[in-house]
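Next, two complexes with chain A in common: one pairs it with chain B, the other with chain C.
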Partner chain A sequence: MATVVHHPAETKRPPVRQTPPPPPAPPTPSSARRRKAAANAPAGLAWGLILPSIVVVAIVSIFPIAYAINLSLHETSYMQVGEFIGFENFLPIFTTGEGLGQIGLSLVYVIGSLLLAVPLSLGLANLLNQQVAFRRVFRVLILLPWVVSQTVAALLWKWLVNPDYGPLGLGELGGNRVDFLADPVLAMVLLIVVNVWISYPLATILCLASLQTIPEELKEAAEVDGAGPFRRFMQVTLPLMKPTLFVVAIQLTLLYFNMVTLVYTLTGGGPLGGTNLLSLGAFKESFEFFNLGLGAAYSVVLFAFNVIFGAAYIRLLRSDKS
Partner chain B sequence: MVRNVAAAALAAALTVSVAACGGASDGGDSGGTDGAKELEMWTFLDPNSPDDPRGAALKDIVESYNEQSDGITVTVRSINYAKIDAEVIKATASNNGPDLINIYSNQLPTHVAAKTVQPMTEYAQPLLDELGDDYLFPVDGVTFDDEIMAMPWETRAWLLWYRADLLEQAGLEVPTTLDELGDTAAALQQTGKTGLAVGFSNAGLGADFMEKFIPFTWGNGGEILDGDEAVFNDTAGVEAMDYFTELHDKGAFGDEVLSMGADEVVNGVKAGTIAMAIEGSYRVGAARSGEGIGENLQTVPMPSDTAGTPLQTPVAGQTLAIGAGASDADAAWDFIQYYTSAESQAKFAAAGVLPVLSSVYDSAEVQALPNAAELATWRDYVVDFGRPNPVSPNFSELSDALVTAGQRVVFEGADAAEQLDQVAENYN
Partner chain C sequence: MTDLTAPAHPIHAGVSDAGATARTAAARRRRRRGKPNPLTYVGLVAASLFAIIPLLWGLSTSFKSESATLSDSGWIPAQFTFENYRLVLFESKIPVYLGNTLLVAGLTVVATIIVAIFGAYAAARFRFRGKTASMFLILMTSMIPGIAILVPLYFIAVNLGLYDSYAIMVIVYTAWQIPTVIWMLKGFFESIPDSIEEAGRVDGASHWRVMTKLIFPLAVPGVAAAAVISFIYVWNDFLIASTLISTDERRLVAVGLYNYLSQYGVVWGQLTAAVVVTVIPIILVFVLMERRIVAGLSAGATKG
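Entry: the complex of A and B
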């Protein structure tokens, strides 16, 4: 005969309501009047209210994108826009080893950073969500890198990993001097680590906010059903956090693809072109070499990658829901 | 009907409000109302900087000028060094450019091509004729299509820096030839220091590497540019690149230089982790200010293959140009003339700037400086072995490509001729 053991948590659960919820109250005369009035509202008012928003969005979002696309299809000389040249500005990006290398390195950088940042943020958010002493202090400490600018972060980490005097410098290992900024692979690893360091707080905040919306009852129910902590996390917490995680992924992807300051300050694209990303190409061509057309082409390629990744996340989210 | 009118009015009001919020503030009138002239000068120097003595000198000079000028007032806008060129180009394109622009001579061709500056030959030539040999800066470096486009107010030369204390500890002499330079650097590297730092980092668009590649190529009888065409991909350029490889193979520097730009090299010299470097005269003062450095940092002209005959040094410097849209070119020139006068030059010399007027080195103000004798040796080096730094509108692009080629040749064993051909082909 099986013995039924009541888990303490179960006793705390509120009694299950047996009676069906009351039907929604019929519309009162005043609310019905309001709906009717709204239905009959003049189109002019609706357009009048929405038009300023459309104008602002057009000015700050659509116009720059359209301008960049137009610029990428024209010859340029400093700030002067010349003849239409079709996709000629895109050729150096898609038909040269350097351009294709930049695309590959950007994908390594973005995907590598995401693979580190998202699980790290999820884990830290879970830790911060626990009822532990000094929880607020931990929260502040973990979120600190968020307030550090990319330039400061780059200079700080340059010093930290310096093999001669940096506190995190590895010096000589096995007879070889380990200099993160003198090796293309190690430089990319360092770039990803620093990038994750400055961007995980944002993701952690979003994950923490999402965690706090998950009802405890669900976890307790799973616990009653015999699910351990890992299974509860995988089967209760994670599915409920998926929409947030997709938003985090989209935000971080956009941030990573477009990041310039950190890369420029930390590695400058080197050594040996090992961290020469698309975003850096866009910046250098536009503002250091003043090839605005080519710089705009880089920006359009970045925009396309952002759209592709964003659309993929949304598709995944929708298929998951269905 | 009334509702429609109200809705349209509301929409219009909101749109106008938004437009008003996004509207640009007016730039103000550069000219005065009572005949007074107001000029705006854009420069990377910060007149209020507590750390940079050049900023204080600038402030002093501008204030002195404003006091003594007849109705001309100059105001200074400080813009970060890395951003000023792009800001000027963008502002000029929208007709909001400054009256006076501080431009580093290497960037001047870019400004000429972007039409942010206007010729000043009619003003400058009579003054230069009058000054004659007293004006040190090779004016070819700021002349484009026979027009003088800016007046240099600072001279820079590149020198061999060495830490006298580190050489002494290692029992080594100051090298007098390129062969000795390699050997001495290799011996210093054995002591745990970087013997000779050549910044191979992409930081700063490879400027530190270029500052060595240029004189070494010259030393081999080659040139960097012929007009706007790249010509460094000849025997001289290949030999210069091979010399870097020889230095690396000899142990004069290790892979650590891959992460070094000019700033890292100077900091390394200050910290005592770098024993020798080839750096600009304009950085000596800042480097010596480091704790415990002082006179331990010494300079000599860059050695060549022949002892006693140094390499030619590139000469560059900060210049002042008249903006393409300057409200009053005459007034702008009046200020430039004051800015490059002996009086102002002496003030800048006290702030560690190498003057462009030879006579200023003999002035009481400069003679009173603790390194007056050293400044005189630098002047002589510029006079005897100085050449205008090769420049072009795409010099930054070239520099960035050449340092990457240098990395591949020196650290990956790529063929120097092939790499230089590739860079030259892309550039041309």
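Entry: the complex of A and C
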């Protein structure tokens, strides 16, 4: 908050730092007050305000996902929807080696990326929050990949690790020609690295924003009590950032599970199916092979993964709060 | 701990501080902690390199002639050429794609904010029957994978006669951004104390007036952050822009770039020049808005 300089509203807003809130669980007093203020609001107005949002997401998100679920239970041939066939479209995903392999690869990709991106974002946010020289420059540079689209990221990295011409291409290494895009394992490694590269900035921004809401007094109090930087981080900063870290983890998990563009443009699922993720299956079955039923089945499986992971995070967050 | 012989780095003063409170807090912090650990700089430089090396390599390549891209592997081109940029700017559709993207992203931001700001306000301030359910409904839609609903959206677009139009892109992007923006602005509204509204109402202003004249102006930092996040999302999207649009004249940059690749084969010089041209506008937006993004987000969006 301290970083907005010229905005007049800023002066009208109460400086958060000055009203030391009851730190870890602020919602109770304010929400009680809010309830009082809310009591005399006309219900018609409230509904009128929120209805447009509901209508838009209902038409563009909820109806289509219902449509997709329905589609996944029907036989299809090109654009024609045929008869009801139950879960037959799901069989190739759950009973064949290829389908199970895709599930496994998706999990490797998602978990591998999370294990790199979350600690990286947390660490960078802490570095960027310090009073360093050229802080603004560092912030802009480090957060820059955020604005690079997945297509562009794929192109740039492909060119960067090109075994013959790229500066990060390893060329001949110990007599073997190393081509990231020709080896299934290396291709997955590259895919995860590029994925982290495009996704850590937004996570870092969220962590940074959360860090700035932590009252400096708390850290100073801990310092007075003799806590070193590490203990201050573990016992003051980290607990206060927990809600943000959950939010970051949820957002990244959803982003990673549903990632199509980067995979499609960087590796295309290859080599030898080494990066053939569920999300890519959904895209290819629907838009390259026009097996709409099977594509919809892949989509529904993805949706299920999103809901399972999302619900798990929310549960963890809730149990953590109570 | 203060080292009087070494004045505080001059940019500090300008970097972080809003009001006097923040400035004294920062000063206190500096006094207490002294200079940051040198390892901090090592970490920051390493991270900066990781962030920009792919972009720098692209920039370097864009100034090499097509034959030099495959022989000159230096970071600084042995011979600078602007030929790639000439081709991209004057003999390709990239400028058209850029204009389209600007239009669609701008309209999306406006539509998203207009729809979401009222919903967020209602969710933050009013209590009404069905509120929990409707918020749950809106937020849960962010768990729906975009890829999962592309085929249904295609059918809807065709049936509504909106396939291959700017309108369908704006509608879909708006719907996809609404959950995030509502959630961000709701947090922001909750951080504005009720007392302001109560004061307004004591003065006899209606709910509507209090909301639009008193509270919305206070929410500008949050709205700005939300706007940038939505804008960047549209700027970078590939899926919707590639499946719901078929006319080249209406393409967005992310798709246009990819088609560039398939159209001309791998011509790294031109391709990287195209990348640079398409990345510069969004980098400008980002650099200009960077401080506002963090500031706007820190008020609300980071709460669980």
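As a working rule, the second predicted complex is superposed on the first by the 269 of 322 C-alpha atoms of A that agree within 3 Å, B and C clash if a C-alpha of one lies under 4 Å from a C-alpha of the other, contacts with A are read in each partner's own complex, and residues count from 1 in each chain.
Keep in mind that, in the parts below, contacts are C-beta pairs under 8 Å (C-beta built on N, C-alpha and C of every residue); 3 or more make two chains touch, one makes a residue touch a chain.
Since the model is a prediction, treat every value here as computed from it, not as a measurement.
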Item checked: Touched partner set for A:G310, first chain B, second chain C, both or neither -> second
Check: Which partner does A:A221 reach: the first (chain B), the second (chain C), both, or neither?
Finding: neither
Next item on the list: Would you sort A:L107 into first (chain B), second (chain C), both or neither based on which partner it touches?
Entry: neither
Next item on the list: Examine A:E288 and indicate which partner it touches, taking first as chain B and second as chain C; both and neither are also allowed.
Entry: first
Notebook entry, point to check: Now for A:F257: first (chain B), second (chain C), both, or neither, which partner does it touch?
Noted result: second
Notebook entry, point to check: Is A:Y165 touching the first partner chain B, the second partner chain C, both, or neither of them?
Noted result: both
Next item on the list: Based on the superposed arrangement, let me know which partner A:R177 touches: chain B (first), chain C (second), both, or neither?
Entry: first
Check: Quick one: chain B or chain C, who's touching more of chain A?
Finding: C
Next item on the list: Identify the partner contact of A:A296: answer first if only chain B is touched, second if only chain C is, both if each is, neither if none is.
Entry: second
Notebook entry, point to check: If you stack the two complexes on chain A, which partner ends up touching A:L49: first (chain B), second (chain C), both, or neither?
Noted result: both
Checklist line | chain A residues contacted in one complex by chain B, in the other by chain C | finding: 42, 45, 47, 49, 52, 56, 59, 164-165, 287
Margin query: Quick check: in the complex, which residue numbers of chain A touch chain B?
Written below: 42, 44-45, 47-49, 51-52, 55-56, 59, 77-80, 163-165, 177, 179-183, 267-273, 276, 284, 287-290
Checklist line | Residue ranges of chain A touching chain C (in the complex, touch as defined) | finding: 1-5, 7, 9-18, 30, 33-35, 37-39, 41-43, 45-47, 49-50, 52-54, 56-65, 67-68, 71, 123-124, 127-128, 130-136, 138-153, 155-157, 159-160, 164-168, 197, 201-202, 205-206, 208-210, 212-213, 216, 220, 223, 242-244, 246-247, 254, 257-258, 260-261, 265, 279, 282-283, 286-287, 292, 295-296, 299-300, 302-303, 306-307, 310, 317, 321
Next item on the list: Going by the contact rule at the top, pick out the chain B residues touching chain A in the complex.
Entry: 3-4, 6-8, 10-12, 14-15, 17-19, 22, 86, 89-90, 92-93, 110, 113-115, 200-205, 254-259, 261, 271, 273, 394, 396-397, 400, 403-404, 407-408, 411-412
Margin query: For a test of understanding, state which residues of chain C touch chain A in their complex under the given definition.
Written below: 9, 11-12, 15-19, 21-22, 25-26, 28-30, 32-33, 36, 40-41, 43-44, 47-48, 50-55, 57-58, 61, 69-70, 73, 75, 115-116, 118-119, 121-123, 125-131, 134, 137-138, 141-153, 155-156, 171-172, 174-176, 178-179, 182, 190-194, 197-198, 207-208, 217-221, 229, 232, 235-239, 243, 253-255, 257-258, 261, 268, 271-272, 275, 278-279, 282-283, 285-287, 290-299, 301-304
